[in-house]
Every structure is written in structure tokens, then in C-alpha cells.
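Both complexes shown next keep chain A, but they swap its partner, so chain B is in the first and chain C is in the second.
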Partner chain A sequence: MTRTATALRAALVAAALAPLAPAARADTLAFDMSGKIYTKYMYQNDNTQGCLSLSNPFWVDNIGGHNGACTEFELNIKANVGPRVTAGVRLQSRWGALWQDWWENGDLKPGVADTSGESLGMNHAAYVKLRGAYIRVAPPIPTVKWVTIGSTDYSMWNEWTIGKARYIDRENGSGVFVEGEVLPRKTLTYTVGAMALPKLWAGPGWQTGLRDNDPLASLYGTDWAFAAKVEGRLGDDLRLRAVGAWLQDWETDRYSPMLTGQPSSDRGADHSVGLSTRFRGLNGTLDAVFTPAALDVIQVSALVAASSNYVSPAYATNLVSSGQGFSPVLFRTDKAGRAVASNGMAAKLLVELFDPWKAGLSLKAEYFNIGSEYNAVMGSRREADVLLTEGMITGGFTRGGQLPTLNIANEFVDWDEPWFESCIGWHGGTLLAEYARGSLKTSLEYTFIGYNTNKQDRDVATQYPDFLYTHGFTDTTAFTADSDYANVYDRGRDPRSVYTRWQDRRTHLAVLNASYAIPAARGASLAGKVKVVDDRDGRKAGTTADDYRGRSLLGFLALTLQPTAELKTTLGYEYTRWDEKNRNGNQSTGFYDSKTYRHTARAGLSYAFGGALLGYTLEWFRKDLQRDAAGGYYDMKWNVWRAKATVEAAW
Partner chain B sequence: MVTRKPILLGLVALAAAGGCGLENFLSNVGHARYPRPASVVRGAATWTGARAGQLSVSDSRGVFEPCKDFTDTRCVFATKVENGQYEIRLGSGKYSMIEVRGRVGDMELRAIVPTLGEESEVGGVDLDTANMVEALIVEARLSSDATNLGNVTPSAYLGDGVSTGTRTLIRQALGQAGPTRDLLTLVERLAARADPLSGATDPFLFRTPVLGPPPGYAVTTSALDLGWLQRNQIDYTGDGVADGVAPFDTLLSQAAQLYRPAGCPDPSHIRLVFSVDFNDGCLDGTGNRVDRWKWLSPKTVQADHRMYFVGWLYTNDPPGVSEVTDPAVNAVLGAGVPNTIPMYDDGTNGDETAGDGIWTVVFDVPYDPAVKLRVGYKYTWGTLGHIWTGTEEWPGNARILEVVDVNGDAFVYRRDVFGDEATNKDRANQHPASGGSLTWEEGIHGCGPESREQPFTLHDASRCGTSFFTPQAIGPLTVACTQ
Partner chain C sequence: MTPSRARLLLVALLAAPAVALAADSPVKGCSPEGGFTFADPAGDDDGPGTYTYPTDAVYKPGSFDVTELQVVPKGGQVEIRVTVKSRIEDPWDSAAWNGNGFSVQMAFVHIDTDHQKGSGVRQGLPGTNVRFAEDEAWDRVVIISPQGPARVNSEIGLKASQWKDRIVVPRVTRAEGRTLVAVVDAASLGGSPKPTWGWQVLMQSNEGFPAKTDLLTRKVNEFEGQHRFGGGTDYDNDPHVIDILVPPGDDPVKKQHEILSKYDKAANDPKPEDLAQVPMVYPCAK
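Up next, the complex of A and B:
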């Protein structure tokens, strides 16, 4: 009886409302929605927990660690609002919630003994955050093709000016952009943009005015970057591009009368404040690519760049002097001690011959000359590479690259991700021969690096940041093993370190890469690599007792098999040996040798099936760091097992 | 139609240029950095080749250091000398009875600046022999009175400019025959013998003199260096014989006895001193640890935040209104407007110890034991001009103080713990013995009425101290002596 009455009442209500409700209609042509689930599992034989190998220790951050499983979800919505207007948004859950977290809800209770299990804050709450919101308009204005307002990854500029945001930040940046075409067929195009400066990393002290980071600064809402790009073609052979960027970090003029006393007009107070520059970064590049139609085997690329970075010591704490030499900017002063801009130039020239003899042999030669003070403060921080050379930081399993900035970011990464090093001051050349015939692909590289940063008695106390760890091959494998960014386990040079007090350095580097597709087995291949580095630094002139010499030998071999169309497996081994003379120490205590032996083995698989992708990698490495006990150093040993599994599905 | 496209283009371009931070450039066009607010002293540096490095400023606590950062006071951040005129820029603040010092080889010249306000200037502070004589006399007399420049009331020192005040009287005496004029003559003769190229560590002439107590007023530390006089065989008395320090000391002693720079007690006003302890871990009136950040935002120490005092004539009844109702007194106390009257923790303006987390402010208020002066007040931690919210000790209610000099030391000195709601808070008082509200005569710590000055225990508002505290960093309020 009761159930009948309820059904009848529902039917009556529905009938009454039916004429009032407009018919819903899904405009699927103008509406695109996609989703993705990404799950990661991590294991390591240590006592950390989290889903991120290398986090950042400089603030309250509880997402770094090696044991756990985490899931994130993103929902992309794009709409064609009209023929000339599009819009999009990404809803992305916060990374960091472990499967084990269960009830975490963001209810952080600092200073309280909390037994609720819901106390780790929003980093573990998997909340959904608005990201990547934009609107694009194609207004009927001469030359203007698109106006974009909202989020983007800044990829329209280049690594030397404003670089593409790293993957984890890919749409955190927002701005206003205008793209246009002055001459048809992309003969002359332009892009201009204004971008809100990220308050956390783009400036002195890796921030633009966070009160708790820098007692001299507190204003970040006024800070913007401006950039312009012009691209054109001269005929079919020559492409030209100019990019300019201006980073402007303002602070309130602290002596504005409105802030220092009564708002009396006699004092000059006028209910406004003045602004003073905390940081101003200027970067510009001009690059050209010449591809003669008459000789299609050759391509010549050239780039010149200039930078000027000014820091006001009145509004930016000097981290060279008070931050142990960790600073993404220089604090240059003139002879009178006044703050002046740090200026630098850079240039590179790349000539490429694509199989000119039709024998499978291609040649590349690159000359690079990057000034000792060229610094793209907002250039690419990772996931890009401006030089042809492999550089020093790459290994067998570890990929990487070189970037012209002190603002390189090798954090918020897992142990299987690439590493990047600063190439500020590098001056030299690379010769690269590539041979491909049939199933065989090989390349042989030789690179010589001299250093524009070579100088005696450089002021690393107040002007030039040395990043504390200035010598020794950087061990990226061990870096990610310890979930520790402070390098307390002696893992070599900080990849950002380009200045030392005494430097007279040059480096030789040779790399042989080879891969062979095994004809007998579908998808099977064998890859190998040998890399040799000879790195010398005479340090202080007039004495040889402090000379550094590092010799690196790397051997790598990997076998890839593909038993089925969906399954791919890889088994690899890497051997690294570093023999370093005078690696540790300083001028007053003396220098001491060290030797490093590292064995790394990996087994991995990937499985793609019906839109789902599964990946798993198991790694074991053993490292022996032998140091000179005479200097008070002790030996260290690593015996690390770790694994990473991912599964993702997109629709 | 012809003009529509350019107009549209212009409007869109303007919209694109706006909304992206470019307005900052527009509003900042022509903006030169504002100069640092300063308290400025100017005057003549009367010796040849005067340089900025020869100048300094001191008070009774010593020579001012160069400013370390933009929040510093009691410091020098710029000094220059041009065409014989100097300018010294001090961190903007309230200064009283400071001395400008000019070190010329083996000689030091000094000039007293009785008062210097925030963002203000005082000129004519010449480093010459006349001001040196004034400084010597005042230094000598104050030492004899066992006090120092820091305890001198500037208004008493200046007097009326006609017939009262130490400065007035000394300036007049310099033009008349007598010990003061004679002392000037000796100073001029000695100054002429100074060696501007000397590298002497301490000055040989015009050191700070020290006199013994009355009635003898004997010089115990001479302003002159005997060795220097003997080495140079100086005849500064003009009698044809090289002199020692005695003639100078005798004359200085005679001159010092003529003046009373310390002033005489003010019969109608009293010095009212509030100090508040902002250190972490202080105890409130119930002995519980105070959470000083409880009502503050943000909850960490900020470089641009400081302590402010806000007071007013108390008007709530009960517990009882103030009988002093003069609006001028109300205004002096802050008239209930928060974050306008700064307190000091830099060793100036009555603060006993720089940087100890105890902030101080001093008022000179009318005092008549027969007329009750009752004050409501609070402390706020914020920035200049900030509103109550996020800066006050607690929302609503007030501390209360009746201006009564309980121990008769010519001060009413009150010490509080920031955020303590269990001592002299008028309502919603957290001390159980208060019953939630407080009367003017009620004591809840066995230390006398909570609304009065009390002996205090450092960092602990729950315990009565063993004795009353008399400020050392500032003297009692005085007026110019009339006889």
C-alpha cells in the first residue's frame, strides 16, 4: 500500500513538472571530454613512504618517499563555444594520496597529537583542483589569429628565454597571448604574451615575494613576465626567429609614505605606493635555420642569445652569502659595491650533414660558446636540451640534457627520470657521427668543453653561487635513492654548480652508442653504450697539489624482447667507474681522492592492452664509494633494490 | 564605418595590454625610490677637510651603529659633508638628548641635540667650541648628579628660551663674563692646538668629564689628557707657563655648579610607562603558558610587524570612568585607534634592553592624586595603520590602569605579558578569582590592585615580583628649574 502511494505521488510530480523543464540536449559536436587514470606503485628497501623518489625538503612536504601506491585522475573538457571561440579546462586530482591513506581528508592539525589518520593535509587528500583553464578567441582583427587567455605551458618561447614548463607544472602558468600572422603562409608571424610569474621559483631565492621565504619581500601579485616572438622566412631556405623576454618582479617601495607614517599629504602620502624592482630578467635570442633547397643533405642552425639579470639587494636576500651559495641568480656588484646587472652572451652553431654519401653515415658538428653569466632564469628547467652533446650527466639508464640556467630542477622526479645539468660557461665543440644501416644504428661522439667560468679567486662568497658541491661526477642514481636533496651522502657536483673560487677546467668526453635490431625475433633489440669522460680542473694556479682529475668509464648493455604485440621486456646492466683525484676537500684542509664503482641492473616490462598501459621496472644497484681516510672521510656503500610500476588508462 | 576597425583594433589592443600587469609600469612612471624616512641632524663641521667618516652620534648608551636593515632605528644610515656642512641621517624615530660627535685627529667636538622627532630635521647643530663648552658643562654636571643624558627631560633642558632651561642659560652666559665664558676661551685655545692628522686612538682633548658629588664637585676624570699637555707644553691659560689639567678642571667644575640640566621634578605631570613581554613561553595570570599567536594573523614573526600600544581614557561604568576627561590626554594615548603608537624594543624611547622581546612606550600625562586618571588599553602586533582584527591581544574588552605612583619613584610603570587575559583585563577576565570581571581596587595575585603598577616577575604574570621596578633607560619627568 505504501509503495503504491509513493509511486503514484512520484508519477504525479513528474507529470506536473514535465511541461516546465526544457528538453536537455547534448551538443556533442561542440563538446569534448576525456579522462585518464594514472596509478603508480613504488618499492624500495628503505623506510620511506610515498610515491615520489626525490621531493623537496625546503618546505613542509610529505609526499616524497619510496614505498606506496598512489592514483590520480584527470578530466579534460574542451568546448567549441562558437566558430571563433574555444575553451578548455582540466580537473586534476592532487598527487600524493597513498592507497594506504584511506581516510585522509586534508584536515591538517599542526602542533596537535592527532591519532585520526586524517592529518596529513591536502597533499594526501586527492582533492580535485582546477588546472589548465583557458579561452581562445579568434577576433576579426587584422593579423591576429588567436588570443588565448588562461593556462598554457609556455612552450611558444624557447629554452634560452622562457622555457616550456616542466611536466608537473605543465599548465600551472597562465597569461594572455596574442598570435598573429603579418604575411601569409607563415612568412612573418608573431606571438606576444604576458604571463603571471610563478611566485615560487622564478626569481632570487626561487620566489618572487613569499614573506616566509624572504624577509625582504612580500609582494608577488604584481609580478609578470612579458615576451614576444617574431618568426619569418626568407625564401624557402632560411628561417629566422627572434624571441625576447622580460621578467619583472616588483616589490612595494617600503619607504612609500603611506607605509611609513600617518597618511598626511605633508609627508607626501597620497594613498598609493610606489614599486621597486626586486628582480628584472631580460633574455633575447636570434636563431636561424638554413636548409638550402639545392643541397638537401645539409642544414645549418645558429643561435645567439643575450641575458641581463638585475637583483636589488634591498628587496632580495643574497643567498650567495647567506644561503650557502645556493641561488638561481648572481648578486653582481660593481667596484663600489653597488648592485649591477649580470650580463651574458651565448652562441652556438650546428652543421648537420644527412647521409651525404648515401652510405648511412651522417655527421654533425656543433660549436657552442655560452658566456659565464648567461642565465635564463625562467628558461627550461628540465625536459629539454640545448646542446648536441650527451654531456656529463647522462648514464646508461639515465637520460638527460644541458640547459643554460641556474634554475635547473632535478626534484619532484622518480629514479627512472632524466637529469639535467647547467651548461652556463661551456665553450667547446661536439663532433657526432651517426651510422645506420640495416638493423644496426651507431653513433660516436667526441666533445671538448672548455669553460668561460675559468677564473682565479672568483667571488663565490657574495656574488657567484657555487651550490656548495662543486666537484665530482654527479651520481644521479644514488641521488634519487636517498630521498634527500641536501647531498649529505656525497653524491658529487650539484648539477647547477658552474662557479668555483678557483677554476681552470677542461673536459674531454667520448660516447659510443649502438643498437641492433635482432632480425630473428620480432621487436627484439640489443643496445650498448660506452662513455668515457676525462675532467680536469687545475683549480688554483701555481700549484698542482689541488688539481682535480676525474676519469669516468661507463659500460651499458640492454636486451629488449617483444614476445607479443602487447608485451615488451627489457633486461639491462650498467657499470660505472669513477676515479677521481682530489675530489673532496678544500684549499685549507687539502684535497683527497675517491673511487666509485657502481653496478646497476634493471628488468622491465610494458604491456599495452585495449587502452590500458602497464609498466614495471625493477632495479638493483650496488655502489661503493671509496674515500681517503686520511682526510677524515669514510667509505660508503649502497645496496638498493627498488621498483616502480605504473598503470594508466585514458578514454 | 571607416573608423570602426581602427577603433576596434585600439580597444582590443588596450584590453590586451591591460589585465597583464602592464598597469604597474604606467602607475610607476617617473617613480624614483622614496628616500628612507629619516631623523636628520645638520650643522657645520668647522674644521678643514671634514669628512663623513669623522662624524658619529651617541646617546647615553653609546655610539649609534650603522643601520643593518630597513627596520633598524637608533642607527645611522647615511652621513655626508659638503662645503663644511654635515648631514647625518638616523633611522626615523624619536630621539632625545643625543650628541653629535666630530672626531678631528686627537680632538673630539660634541654638540647636544635635545630632541629629534620621527621624519624630522634639526639644523644648526654646529660642531664648534660653543657647543663643546655646553656639552662639557652638561656632561660634568650630570655625572656629579649621578645621572646621564638619557634621564634628562628635553623640555626641561631647553626651558622657555628666555630665562629658564640649561641650554638657555648656558647660551646667555657665553656672552657674559664668568666661568662659562672663561671656559669657552680655554676650549678655543686648546682646540687651536689640536692635531687634525693625529692617529690617536682616544682623543686627547675634550673627553667626557666626570665630576664627584656635591658639594666638592671635584673632577675625577678630566676632559684633557695630561700626557698630551705635557708633551706639547701647552699654555692654555695664557700665563706664560705650560699648564696641566688643573686650571681647566677647576673652571669646568665652577661652571658645572651653575646649572641643573637634570631639571626639577614636574609637580603636575608624571611619566607613564607601559611595557609588554612578547617572548614565547610567557605565563599568564593563572600561570598557564600564553599562546601569543592565538588571535594574531599571520602566526609567525614578520619583518615588518612590530608592537603598538593603543589606549584611551576609560569610560565604562562599572568598573568606573576616568575623572580626567581631557581629549588631549585621550589623543596622546591613542584615542582607541589601533596600530598607530609604536612601541620600542631597540633600546630607545624608554626601552631598557634592545631586542629582548619586551616592548616599551612612554607617555607624559597629568598627575593629580586627587583626580583619577583611568586608562583602558591594549597591545597590538601589526603594521602601521592596520585594523584591530588579526593584530590585537584578544577581541573585545581591555586592560585597565589607574595612574597611581604606588612606590613614589615618579614613574607609573606597568609590565604585561602579551595575550594575558588573567590579570588586569576588565571583562571576561580568565582568572578564577576575578569572577570574570575586575574592579579598580581588586587584586587577584596578592600584588595590590591589578589596575595599578605592580612589582613583576620576568615572563610570568602570575607571580608578584619582589620589588617595584624603576626605569633606568629614561629619567623621571622634570621641568626647568627656576631657582
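Up next, the complex of A and C:
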């Protein structure tokens, strides 16, 4: 390291420590600092600008768009303050500043004609923000190993209760956590925590009390989630885990005397206000993993889960009725019209045989039964997968998974990232055979999905959110966050859509995957995939005129070459055909067919050199959506070129 | 066939391989081509006996607990299979970083092809903090990493370039159930395996953002953290390996603990002789 660099690093350390002085001493051996620079360049043949494919166009300083270059910087500092105390912070620049935003300082002037170029807001100013801070203490309390105060990613629970935060939110959550061990060698351990609820997304209307979003609510500082986990082992073969979570969104009791009139004691006013529940979510799971030592080729995993979600209509606007059916929670009522909790159960059982005959053949079978109203409001929103099946949302280039929540979040990602779909109500099974020997690896999956959500005349007007777009294969390739945010370009079912008024649905799915390492060339491999889906929904009983039938065929092939030790290149092609009867329409106007043909080609490379990582992906896709003119629908075509390049260095 | 007979047959079919491995010797199936299976006890994924897993939920119990090393020569290739106690998963979506279908584990498979003094490398790879005996120095090491070959090769060039001709990045790396699989060309090992060869597996965890002294390895600290092993020291004197193979005989768990405990705990700036010395295992040598 040069003297200048050393001096710079020392200055950075000193600057970072300054606010902590004198408690933190300059013990550099106990001081761990790491940094990372990440730069991304995007291109697409459209008229958007930004460095994020899918954002949220509601914001005036929206950062989404397809043309531009952006950089972010991250600095992590961790320290052993003492033998039993550690602390850490993460400082990160805000994403969204284009390289072209030379002078942007965040000086947003809404409604003012501003020619200064300083008019896009702080989202484009690349300011450095405190994204996480924690102190971790190992107190001399029996059974207690650690107490953590501050930021975490909530990864200590699970996808069915409180899930790991999205990577972009990884240290936005804060709370107090106690981890302990009752019996040694992790025979019996526990974790309890109290976590601040995020004011956005974790509740009705995707918020916990923002007056501008929901006029019935305005208090979010009192909202918490509480959770507990107990894990234990019964011998070496059986592991058990129980997780419980309680989400509590409080609002000020609107009838508190202090808020409704003179602060007179005669009225009962006492300069205090009461709290009333806006939302309460309860989730619990019990899961077990059985790995018999005497028969170590087998593993059995089982999980049962329950959820209960209550929404008070006195404090939460009903977005099922007032938001076109876009809501992460149900608004259930009893026959008298009173608000009641939405309750659901779920279970799954997975049996795996790991190459039992030593012939390269492994088998897996999973049964899943997820209740029609199971909902993990704060479960994982993406970047996790609770079922064995590929599900419907994955493609050739597109990866993904299934999650038991209506709160799926596929936004704030780029076009080459995985997609996730809700599996609420899924009831069925998966059989998966995997064969791997030498350079060849193949797998064959068959899945049947029935639906606990099948019901006639379901109340999607006031109780069950349908997310407006309930049918049609979801086109993850063609999603954009600009004018298509409202699905004006007919991209199919919303991945969160679980309920529809008339449903009698079943789905068959088969997938063949194969990859082969080509012996003759270094690092060369060939990968292929064929996927077939048959999705049927009889919709309204007693009539066949509305029956939906979607048949999907996907073929995928990719060749990977490694010209040098540090350079990897890939060339791939994907063909998708969707033949859908009665895809679009409604019961009053009738339903109309559509066909979709999509060709996607990608070329990519990754290069690692001296600690720097470079990646580049170029994609072209052509999509033909043919719709029935008799229903007033017109055809659409896509001819899209787009590229994404990344460079990152961490130290 | 009655249901009970069918069940018995199924159990027998499934149990056959397990029963075969349950005999006394950890070594099975030595072949003239150098193939073998070597069992390692479960429950010794604690390094010198004190190590604990990181606290993040992705580090599932048994994830670093090696239970078996299998070497299968076939034609001009060799399949190296390292099995652990837990199903191998991919929680960090390795496809997003050109990875190999798993995320958390990483294994270094060391090979001593001549068992001679003065030959091979005594130092461990950067970040493992171990050394080898003079007559058991490694001649080749196969890196079974979830990172793609471009990244692994880049790290080798950056941190272990002096040994780049001895470090083998597999032609194929994948996970199958509980097993990490590497397929390498026999030529890259210096030829087809021989029964006289020595082997050692150092079980580690993949760290995508390693320290500049570590070859994609995860550190062991005094106290465990969300992504740090605990039970060691905050310096680089303790062995940063969670499980190893030990030669047959005696109590293998106790022996592993003894081997990995022999480092200078006071050495804040350790020299090679301060580090724990791990043995090679010669499963099929006579």
C-alpha cells in the first residue's frame, strides 16, 4: 500500500471513529473495515433513463429506467470493542445517481421551473447514508449467548413467519435480539426479538400508518413485531424448530378524549391517548428434519404453519374495494359484516433419497398443502423459495421461486434477476428425479397443483384481493416500470394474484433440465431445458364458455465457453409459446383467446481480474402477442435490445 | 408381494450402501486405479473442538460436517465427492454470480502424490492457517468452490500465484444432495490416482468478499458472528478449517481436536511453525 493510500485509510478510520470517541479506542487489530464499489451500465432501445429495470413510477424522483450508468459505494466497519462486545456499521451511498447527474445535490424544487440540473432530488445525489448499525454484547447471564441491539436482516426466523429482508433492505431493519443456549452443543437453543416494523409494506396498504397513503392512519412509530424461535435436537437424527411471530400495528385511538374536544377532565381527557389495533398478524411454524444416521441416504423434512391476520377497518382503508384489488392482506368479514381475522394453515412434507443405489440417481418427493388464507405478511418477499417445484414463473433464463405471501416484491430489480410468485392456496405434489454422473447432470420434474382457493363467487369486491390480473402466463421478460406499471401492455397474471371470483383450477407441470460439460474444451458446457405447463381453470361452474386453458411450451439451450482462466462466455436461446383459450375478458363481455410467441437470445461474459469483477449481458427478445380482435383486442409486438454491464471491486 | 415384504425389500435396498459403510474401517473400495471411499465421523464439525457456526440461518447444522470422501477414477477423469451431514443448498442464488449451484460450502482437497520429504508444498492455501508435515506436503489441491472458475482463477492469480500450477479448478463443480462433486482431468493431478497417494480435505465456507489474505475463505473469530465462525481467535494463528480427515485408528474426533488445537495461541503475527499441522491420509497405501 502506498503512503498516500495508507494515510487516506487512516484518515477514513479516524473520521469514522470520531463520533464514537472516546469509548472506541484505536486498536486496529480489532478493527475490520471493508469497502466495495459497484458500477452498472444499462442500455435499452427505449426512451427511459436510469439504472434499474423495475422501479416504482409513483415517485416523482423515480430512479427506474434503462439507459445510464450509476455507481454506489459501501463501507462496512466492524470492531471488537471489548472481549465480549462488538459493534458495526454500514455506510452506503444512495443508488440512482447517473454519471450524467454531474451537479445534482438533491435540491428538489417541486413545481418550480429549474434549469440548474439540481432538480431530481436526493435519490439522484448519491449521498452516503447510515444503512445499519449494531452493538452485540455477550452478557454474563445464564443461557444468554448474545444480545444484539440494532440492525439485522431478520434472517433468524423463516419464510413463513418473518422472512429475511430483501438484499437491498438487508440492514434496514432494527430491533433487539437475544440468542441463548439452554443445553450445550446446540441441543436446545432459543432466539427472541422485538423488531421495529417498517413504515412501508408491512401491513394493509403496504404501510403501517402514513396519512398521505391512508387517511385513516398516521402513527407508525409505535409499531413492532415480536418473534421467538426454539430449536432443538433429539439425538443426532432429528432436529426440531418452532418459530412464532406477532406483528402489531397500532394507531392512536381516534376516540381518545384528548383528540376529540377540549382537554377538560370532565370529558375524561388526561393528556394521554390510547392505542388501537390497525393490523395484527400472527404466524407460527413447527418444522422438523429427520436424517437417520443408520440410513444416511434419506432425509425427511416436514413443516406445519398457521397464520392469522386481522385488519381493523376503522384505521385501514380497504384496498380490495378501493384499490382495484391490490392489497397484501385480506379484509375478511363475518356474515354480519364485522371485521374478522383471516386464518390459514399450511403443511409440507419432503422426502429425499440421495443416490441410494450409488448409481447417480437421486429422488425427491414433496407434498404441499397451503391453505387458501395462509399469508405471511412479513415473510420473505423474494430471494427465497419454499417449494421443490420450479413453479410456473421460471423460464430458461429466468430463475425464481414460490413464497407463501401476498407481499411478493418483484420490483427494484433488473431484467436478468429472479422472479417470485405466491403459492398461497397451492395443494399438490412434486416428483423430482436427478441423475448426475461425471460430466452429465439431468433432472426431470413433474408437479400437480390443485388449488385450495378454488371457489365459486368469491367476494373479490370487498374481502379477497385479486390484483386485477388473474389469468394468463406471466411474462417476466416484458415487465417494465414505466407506462407498463399498470399492465397496459398485457403481461399476464400478476405474480401476487391468488384469488379470483370464479375459480376451478388445476395445473400440470413438467420440466426436463440437462447440463453437460464438454470434455474437449476447458470450461465448456451445454445446458438445455424443456418445460411444459398445462393450466386449466373452469371458472364459473355450469358453463364451459368461460373455461380457461393455457398451454405453455418452453425450450432453452445455452453454450458456455471459457477461453481463458478468468474469462467465461455464454450464448443462449430461449423459445416460449403460450397458447391460451379464453385468456382475456370477463363474464359479461365474454372471453377471448390469445397466443404468444417469444424468442430470446442472450450473450454474456464474466471476467475476473486482480480482484475486479466484470460482467456483461446483451439480450434481444422478440415477442408476438396475438389477441382476438373480436373482443376489441389488438396484437402487439416487442423488438427489444438491452444490455447490462457491471464492474465491482471489494477490498 | 405383500406390503410388509415390499417394505422390507425397500429398506434393504436403501440400507445396503449405508450398512456397507458402517463397518469398522473408514476405508472402503480401494481399487488399483486409486479409487476409494473414506468415512469421516459425523459431529466433528467444530475444528479443534471449540468452533461454532456463524449465526445466520443459511449455515444449517451439519453444513460443514464432512462424512465421506470418495474418489472415483473413470477414463481420463477423476470424480472427487465430498459428502457432508446436511443437504447442500443455494441460499445466495449462485447463478446470479456465475456460481456452481451451491453457496455456503467450500472444500480444499489436498493430494500428496509422492509421500517424500522435500517435495510439494507445506503451507496451507491462504486463509486456511494450517501447514503440512515435510513428508506429507501437498502436490495438488482441488478447490471445490461455489464460485465460478473465472473468479476462482482470479483469486488464485491474486493470492496464490506461486502455486497456480498445483491448484486444480475442476472441469465440473456441482452439488448433489449432500455431496459436493468435482470432476477433474486426471492429467491435472499429474496422472491417474494411485493407491499410494495421500489425501486431505479441509472443510471451509465460501466467502464472496474475503480478506486480502484469504483465498475465498471465511474467517474464524473468537466469537461467532452472523457470517463468521466462532471459537477461535481474532488473529490468523488458529486453523480456519471446520472439519478434516484424520488417519484411521483411535478416536477420530479426539484426534482431530488434538491436531487442530496445536497452534500457538499467543502468536498474534504467526509464523508458519506457529500453525496447526494437519496430516495426510493414505487410505489405500500398504
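The rule is simple: the second predicted complex is superposed on the first by the 617 of 651 C-alpha atoms of A that agree within 3 Å, B and C clash if a C-alpha of one lies under 4 Å from a C-alpha of the other, contacts with A are read in each partner's own complex, and residues count from 1 in each chain.
One rule holds in what follows: contacts are C-beta pairs under 8 Å (C-beta built on N, C-alpha and C of every residue); 3 or more make two chains touch, one makes a residue touch a chain.
These numbers were taken from a predicted model, which means no experiment stands behind them.
Trainee: Touching A:Met156, do we find chain B (first), chain C (second), both, or neither?
Mentor: second
Trainee: Go through the superposed model and pick first if A:Asp223 touches only chain B, second if only chain C, both, or neither.
Mentor: first
Trainee: Output check: A:Asp46 vs chain B and chain C. Expected answer is one of first, second, both, neither. What do you get?
Mentor: A:Asp46 sits against neither chain B nor chain C.
Trainee: Answer with first, second, both or neither: which of chain B and chain C does A:Ser256 touch in the superposed model?
Mentor: After superposing on A, A:Ser256 lies in contact with chain B but is clear of chain C.
Trainee: Go through the superposed model and pick first if A:Lys568 touches only chain B, second if only chain C, both, or neither.
Mentor: The second partner, chain C, only.
Trainee: Which partner, chain B or chain C, is in contact with more residues of chain A?
Mentor: The larger set of chain A residues in touch belongs to C.
Trainee: Would you check which partner chain A:Asp579 touches, where first means chain B only, second means chain C only, and both and neither mean what they say?
Mentor: In the superposition, A:Asp579 contacts neither chain B nor chain C.
Trainee: Using the superposition on chain A described above, determine whether A:Asp459 touches chain B (first), chain C (second), both, or neither.
Mentor: neither
Trainee: Where does A:Asp107 make contact in the superposed view: on chain B (first), on chain C (second), on both, or on neither?
Mentor: Neither partner.
Trainee: For chain A, which residues are in contact with chain B within the complex?
Mentor: 139, 141-142, 144, 147, 175-176, 178, 194, 196, 211-212, 215-216, 218, 222-224, 226, 248, 250, 253-257, 259-263, 267-268, 272, 274-276, 314
Trainee: Within the complex, which stretch of chain C touches chain A?
Mentor: 11, 13-15, 17-18, 22, 42-43, 55-58, 61-62, 67, 74, 77, 79, 85-87, 91, 93, 95-96, 98, 148-151, 153-155, 157-158, 169, 171-172, 174, 176-179, 181, 183, 209, 212, 222-223, 225-226, 234-235, 268
Trainee: Taking the complex as given, what residues does chain A use to touch chain C?
Mentor: The touching residues are 29-30, 34, 36, 78, 80, 83-84, 86, 136, 138, 146, 152, 155-158, 164, 179, 186, 233, 236, 239, 291, 293-299, 352-358, 360, 362, 383-384, 399, 417-418, 434, 436, 438-439, 441, 517, 519, 522-523, 525, 562, 565-568, 606-611, 613, 615, 650-651.
Trainee: Enumerate the contact residues on chain B facing chain A in the complex.
Mentor: 5, 8-9, 12, 16, 19-22, 24, 27-28, 31, 33-37, 70, 92, 118-119, 298, 300, 302-304, 340, 383-385
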